[in-house]
């Protein structure tokens, strides 16, 4: 599938778009053990930013702080220049531990529809939107009628994605959202995310451990590293606004960027080797 | 260490403010009471001090009761957890025995007492069993439900790694069911205290329950209230002891619940 | 003890008397009212207190103190205040039976999956939605057990209350039969009480099966 | 339910009163008083309330739910001692001076217990440790040349007494009618009447009322006293009438009533002197502490 | 890292090694909805077999049936020619839903040591072995002392792997075991698995949705497809017994095999597209 980027697309975002999310001196410690050393970065409206880093570096912690689910132990988070201490409207989060984030007592449909209903949608329109979101991620009506725990891991993960999409966020935070789906579904979902980002001028901040995915999707890649984690580098990905799974991944720039990001992460590996 | 101390102070303050307010309200509200059955708090506390805050009162009335209570509750806890585990792990058996258990559970105390007297006499043994019988049910029901509610995947882990029966119980079943077993045991603790009082009306060998009813019969109303206060405080202290055990055993659960253990 | 035949014989004899049915109606009426009060008040307050650490700590002493007091200890007091009325029985029953439900509900409030709590926060669900769709279902497993424990205690205390207060119900019949060593009658009514317990709990089992269909405790049963 | 009193020429006020009764034979006088019109004659309209537990009478007298109730004399004395605000107004039953009586000590037919003295070394049920029944039994043993300190008294509530005896958990029980007759029907043997040599003719149960009520309604109290005495005299003289009235008013089985000993009802006004003698007896047997005991006259209502 | 395959290695397994696992007519339905249509295949001792297939096709279901955790609704499973109805000794399983498969009440160390203790190891030796297994997957002593839910997703997943490894299985069933770890840790773990398989002549049956991973690791790839799922094909991977992340993945045979497996799965894609 070919993705056409709009002229106001993410690659021109740095200069023309407004800042939607900003971390200033953001740091976090668990019980006095520092996990994130204070870091600063900004995300622009309509941008697609990926966060990469070794396992356990603090990506989930960072995302939870950005979503204001957890008070950071230092620094602050600003959404559209306002300091946030509570989750803000228009921000949706896909949790890494997707299976626990679904309500086992509700059907898949009800799980996806709940945020909509809570936000004031009528029962009928919430239902329609939820089914549409489920179809987007490749789940049919049969799956919609089942309980989450009757679904396979990858299907559950897609339910979690559908729920976030259905809520029509302007800023979407995703924590390894495609970890449990097969290669094809993954490619489809990647392209879906790009399309949605472009069509709805969604801002996406996505944590992934797949560097190809990060480079393919992003306008910029934030690489985390070290213990406590710091921003090793922020890599701008200038692969143009038209990307597709085959062509883009075959471009020499792609391989170059990929190698560069690889290098950033390799920097501080743990005891595994 | 200073923060630890101030933490403790906060806990104590939080726990104490309401009782203090209520006691003060009671004190002034009852100060000029002339109703025989609602004596001023000052005279209740006087009786309480006289009856309970001395070694004789404790030795002759409190210790025998505590012994009964400990034995009765202990029997209930052990048998409730054991039977609850067995039933929780074998749904077919649980379904089959459910009607019988529900019927036994609903036998009124008035009818139970004579049956227990006939079967077990009027001595300690009968009282222990009566207390055990009454406080058995919350523990049983909670253990059954708790065991059945354990994350199914963990049972599969135990199967795949072929845990022995004992290890399966100790590492999967009991820890998994422990939050609910504790809830049942806390309920049962108070029930056992209540049945203790009833059981002590038989035979009349002293004890806090006998003391309470004798005071009631002899219109020693302040003493009766004093015994109620003593019972209430005893209940509170026993619950504190329980909470301390729970703090240790369910530490993981508390931490996990409070925002994934990152904050206290 | 009388033989089961005698007991069932006696029971059969009572089934045709209007007294039997008014007796049952009396007990069941008080019982259901008390259960409704205990259930609604106990679950609501329990869940509310359980989800607020401050409220929980503040009320610990009060609750641990109060729930230790036996209903027979306060009988003269409630008799003085209410007389031997159904209202007195109701007060005794509620004061005695609310605790298991309350305590279990306090525990229940802390059982939910923390990640679901965060999920609802991240979607900024209004409080009402959170309570209705996430908090309550998550607490239900413990609450249901508490209700089943509390229901039987409610029934038993209703019978005890009738007996002590002299209200016309199963408790009175048992006590009366006991006084005249009319053991078949006594056991007939004991049986009635036990069957009532069975019946009410069967209803609760059905509710539990429905309400907790999603829960692993019920899923396992289907294997 | 305060009495709707209106002064009448003859010094009688009309009043509605509620009397607490014990569902059994001992309050037969209240039922005869109703059925034979003794209350009506005194202008009193009576309703009864069944009291299951003895201790439940006092709160109800105090809160005005009951106007009169029969309690055992010891309760009347100790409530006076504790200033509960209760006063005794009339006799109910008095100790029976015969071999066979309303209250009996009952044991197994082949237990080898034939006299009070034989209770030595045995386990004996009483309704309350250190209470009246224990005092009466102890006194009877002493009078029989035995040593009551060698008896093990245990407290078991009356409904459970016979099952405990049947199960062999106790050797003897102290019962009142109709349980004596029921126990005999089960093959047990009545050994002796503990009232016979201890409190003969002394009031064992008395009618009490709230002191505040008596003070506010002295005339009603006087009317009640007259009606009850009339009723008591009638009862003692007409046992058959009593049996049929009891059968109509209480759930006691007819066959039991036919065989049961009726209590002896007090025919004379209650006096401080009678109560004083009863108190002295209780003090001797340490049911009450000598130091704190009230005078007999303080227990009895004096307008 | 270069992997040297032993001469008796998996590629000669078909002919020389004994059958360790066999599915005969194995099929499964949930509430009368067929998920696996009856299938037959064998796994030889010392072999590394990967199972691939689209999300929701029935891979987890298959693995659970093979582990005898769930009775299949048709057919049977044989381990070393014996029909199994109960989990057998020497078989370990890494669950897809790793986070739920760890005991929240035990430390990481205790979680890993538990199967060893259950198998009769002394406390001390179980501890040593558990720590060694944790070190193999890149987790240090600090992590060993924490509760599983205090770890990041990828760390939890590695704990689950360590637990299975520590139990010294002869047949290891793994359900998307590297889904939540970063690219480097993943590569390390892949190589670790190969080394262990060779050194301990372990048989591994691994479910993955990463086709590169499947080809890189396997002696054979079983591709599942369709609804209900059937074995689309079993691809023999003859990449020799020496493999390494860079060289092997650069081989033309690798690309060819990869394309072939891709094609097998692509065959029956769902509503996603």
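Note that the chains take the letters A, B, C, D and E in the order they are written out, and that residue 1 is the start of every chain.
One rule holds in what follows: a residue touches a chain if its C-beta (ideal position, glycine included) is under 8 Å from a C-beta of that chain, and two chains touch if they have at least 3 such contacts.
Everything quoted here is computed from the prediction, not taken from an experiment.
Within the contact network of the assembly, the step distance from chain A to chain D comes to 2. Touch-path distance (fewest steps) from chain D to chain E is 2. Just count the C-beta contacts per chain pair and the biggest one is B-C. Once the centre of each chain is set as its mean CA position, chain C and chain E turn out to be 51 Å apart. The mean-CA centres of chain A and chain E are about 28 angstrom from one another, to the nearest whole unit.
The centroid of the Cα atoms in chain B and the matching centroid in chain C are 17 Å apart. For the pair chain B and chain D, the distance between mean C-alpha positions equals 40 Å. For chain D, residues that reach two or more other chains under the stated contact definition are 55, 58-59, 62, 159-160. In chain E, 97, 100, 150 are the positions where the chain touches two or more neighbouring chains simultaneously.
Residues of chain C found to touch two or more other chains are 76-77, 80, 163, 175, 178, 215, 219. Touching chain A in their complex are the following residues of chain C: 113, 115-116, 118-126, 129, 133-134, 137-138, 140, 213-215, 219. Residues 64, 67, 69, 86-89, 91-93, 95, 97, 100-101, 103-106, 114-115, 117-119, 147, 149, 167 of chain A are the ones that touch chain C when the two sit in their complex. Chain C contributes residues 75-77, 79-81, 83-84, 163-166, 172, 175-176, 178-182 to its touches with chain D in the complex.
Touching chain E in their complex are the following residues of chain B: 151, 153-154, 156-157, 159-164, 167, 171-172, 175-176, 178, 252-253, 255-256, 260-262.
Note for the complex: chain B touches chain D at residues 36-37, 113-114, 117-119, 121-122, 201-204, 216-221.
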